[in-house]
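One chain, subunit A, links the two complexes that follow: it is found with subunit B in the first and with subunit C in the second.
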Partner chain A sequence: MIKILVIFLLIPFCIYSQSKSINFHSPENKKKFADLLFCEGDYLRAVEEYESIRDVIKNDTIDIKIMYCYSEIGLFNESNNSLKRISSNSPFRWAGLHLRLKNKLIENPKGLRVFHDMPSPPDMSERRQKLILTSNLFDEEIIYEKEDFLYVFEKGEGQTISYFYDLKKNPPYKSPALAGFFSAVIPGSGKMYVGEWGDGITALLVTGLLAFLAYDNFKANHNTRAWIFTGLGSFFYAGNIYGSIASAQIFNARIDFEFRDGLNLFLQQKNYFMPEYDFCN
Partner chain B sequence: MTFVTELFFKIPLLAIVVINLQAQTTFIDQFYYAKKLFHEEKYFNAVTEFKRLLFFDDTNKYDFEANKFIGLSYKEGSKFSDAIYYFTLAEKNVQNNEELFETRIEIIKINILRRSTGRAFALLDSLQNDNRYINKKDEINYWRGWTYIFSDDWENASSNFESISPNHELKIFSDSINSEFYDVRLSKVLSIFVPGAGQFYTGEYVSGLISLGWNVLWGYLTINAFVDDRIFDGFMIGSLLWWRFYTGNLQNAEKFAVEKNLNITNDALRYLKNIYSGPKP
Partner chain C sequence: MIKSNLKIFFLIILISTSAFCQLDNLKWEKAELSYEKPDNFRHRDYSFVFDDTGDFLKKTIAYTYWFFISDVDGDNCPFRPSCSAFLVQSIEKTNIAQGMLAFFDRFTRDMNLYKGHNQYPRFKSSHYYDPPQNYTLNQGTIKYLPSAQIVEE
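Moving on to the complex of A and B:
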């Protein structure tokens, strides 16, 4: 009787200890852990955990999270392939399609207008319109008029987009040919035209000085020295023309770079107009 | 009959004991599994498993150890900011002064590695001023010496190692490195009096000869122009050519000395990394 009593007394301890026993690798626990990693922004580990349970736990939230994780770590092909698992009835289907557009734009920044006519719910349609229109700014030519371009954006973001639109339509480029021509007529003026005033004035002084020294030495019949200064002067003169053309090209490249950089920053701030889901609260 | 009764008692009792033991070993198994991954240098997986342990361990028993190992794993992967974050978490969960000291030293070592030596010095000062670590003076001085090494201050490094032991291996090493350095100021001063002499001093003989040659040539032409009463030519050659080569000679002398010193430092750090067997950051 006492022995039976002992066993009965021990059973609650056993139950208690079992409540502390955890199978770390059960699908449910893996999901919980993956959710934590996802919310911590540890997408590489999160996706590894999600991938290991996606065949066991069929869940479109997991699928969209996998897509998102791959996108965040720059594995765009894997991210796009994950879309196939999200069924067309899922509420995340449109977000997945939008995420695919985002991936395409990050991978290859150019217009997404080929997807323009894809049917979608009104809210998603507006988000996609915004992304597609903004993506057009990466192209060589803008195919939309400004009014057609801006109608979909709200006031604040519309102003930014309007600024980018104008910058794209009329970029403040400097003509390399004109810069070269200016420097050929007045040494250094091509550099000044590009905005490099210090270089321009230096080029003007040095070339002018060498030209004067050459002239002065020829006049004084110091022919050897005169030819040395002529050679040096010609070298500076030609170098300055070349330098002015190069400066204008660099200036234009910088305009392009800053434009693309600014546009990318704007898109990142807007999270590429992705719908926002609160997965972490 | 008694045997059967005994058996009815012993089997459930044994089962309860086994089940209880298994439950208690769950967390410790996970801890040792993660630790094993760490020792096998599978740092990515080690971080995942330690994070998993932290997530499920509601007793907080492993908060210090797991966070410390995550920090160490991130450190091995050169993710220094992440490492400091997890060491700070470990620091919040220390059980005794020894653990606190150990964690602080790890944070100091990371600051040394990422060359935020100012922060390392501040932490070392706080440890030094802490009465609990009065018997850890040598260790504090040791890491202070390393901090000075990474600040490129071998003289102070040497005096810190000397305070541990007059014949400390790193004291002798720091002294030998210190004596190998070129004096940047001397190199420049030599070149002021004899163009090219600074380069000779740093062992750059060809550069020294070229520098001397240019200065002799343009110096001769400048003086010659003044002697011939060609004052304007003299000014022009002197200011545009001789002065340019003379100042270039001074800059070169300084540059070579700095470069050589950098090579000496890099060789020393390479030696400490690959050959030195004592504790390193």
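Moving on to the complex of A and C:
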């Protein structure tokens, strides 16, 4: 019985054992594995595999994929350096140049306008225009008029860009000075102006209560207690003015953050206007 | 042959089991578990060594706050840094006057009757993250984090 059991266990091992005739590390197999990793979105491991066969298999598809992988994992210098390997005759040359623009946009959005007049095929020129114009939204000041801005975008994405343009031109900031002034007139109202209603009402009640206690104690000739409440009330009053100014500044920082975040999300969804290649089917 | 092999196999298992069995000098005992939260706030450093007048004032204010409010109230501040730490850090980042004003504003926000703290990001310990560098009145030092973000402690 035990013999039979052992034989049954051994037979499948012999049948399915790893044959030496298959070279799992051949460049072709590595490429297949790298392609699989690439399509799975595992760019870190995919680029490692591609790099190991890059000198063996000369292929511009591999080169553009390496460039793309490095860009996706945030190694922009390596990605830009990979462009040198893509020859000027390659159909991926313009895509590589566009990918370099995308890398520059992520690293430093302000430095993109120098590429504005670079010659390129009409389709790529439009994509580049979109990227360069969008990059301008990251600048401190927008230098283009809205009409000059929107002409290159299609209707759907044009609406989104128009929304971001308006938001950039007229951000819904709150004035720190006004918030401070409001709180100086009515304690807590500066906080309410910024949208922090709970904090505003609390500040109004605390300052009001301390002011009443100070007044009441002065009236009853309890001067020591009255001065303590006056001191405390003054600190809460001044602290609220200070806090209202700070809250307005934080509110404005939030507006800037949400603008940049939203614009980055839009660009990611549009894949930075990259030409679409179907490498995975 | 197989029988003798089986015997050897069982012997090995038995020997290893007895070798690592519970010994007299290492008896298993119930673990001393404590479910109390660590109360670091009780172990404060009240040493009164100061470098200059500003340091003297800062320590005086902070120790007074610890003694009369923090230690009595317990670890109930919903924010990190806690209100007393916020006071000390604010004074360090700005000056006594600004630090005090920022602290009174923080104290009001701590007392928020509606507990409306949803605009703050959170630590893993569920405290709200509210750093003093956002309250220096210098727009450049503000580091805005969205409320959905979990901040590493």
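The definition used in the following text is that the second predicted complex is superposed on the first by the 258 of 281 C-alpha atoms of A that agree within 3 Å, B and C clash if a C-alpha of one lies under 4 Å from a C-alpha of the other, contacts with A are read in each partner's own complex, and residues count from 1 in each chain.
Simple rule for what comes next: a contact is a pair of C-beta atoms (placed from the backbone, for glycine too) under 8 Å apart; a residue touches a chain by one contact, two chains touch by 3 or more.
Just so it is clear, the structure is predicted and the values come from calculations on it, not from any experiment.
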| item | value |
| --- | --- |
| Touching partner for A:I142 - first (subunit B), second (subunit C), both, neither | neither |
| Touched partner set for A:T202, first subunit B, second subunit C, both or neither | second |
| Which of subunit B and subunit C A:Q249 touches, first, second, both or neither | second |
| Which superposed partner A:I106 touches (first subunit B, second subunit C, both, neither) | neither |
| Subunit B versus subunit C as contact partner of A:A184, first or second or both or neither | neither |
| Partner chain in contact with A:L167 - subunit B first, subunit C second, else both or neither | neither |
| Subunit B versus subunit C as contact partner of A:N29, first or second or both or neither | first |
| Overlap of the subunit B and subunit C footprints on subunit A, listed as residue numbers | 206 |
| Subunit B residues within the subunit A interface of the complex | 5, 9, 12-13, 16, 19-20, 22-24, 26-27, 30, 44, 47-48, 51-53, 55-56, 230, 232-233, 236, 240 |
| Residues on subunit A engaged by subunit C in the complex (per definition of touch) | 2, 176, 196-199, 201-203, 205-206, 235-236, 238-240, 242-243, 245-246, 249-250, 252-254, 256-257, 261 |
| Residues of subunit C defined as touching subunit A within the complex | 2, 98, 100-109, 111-116, 119, 134-135, 137, 139, 142-144, 146 |
| For the subunit A and subunit B complex, residues of the former touching the latter | 3-4, 6-7, 10-11, 13-14, 17-18, 20-22, 24, 29, 32-33, 36-37, 42, 45, 48-49, 206, 209, 213, 216-217, 220, 225 |
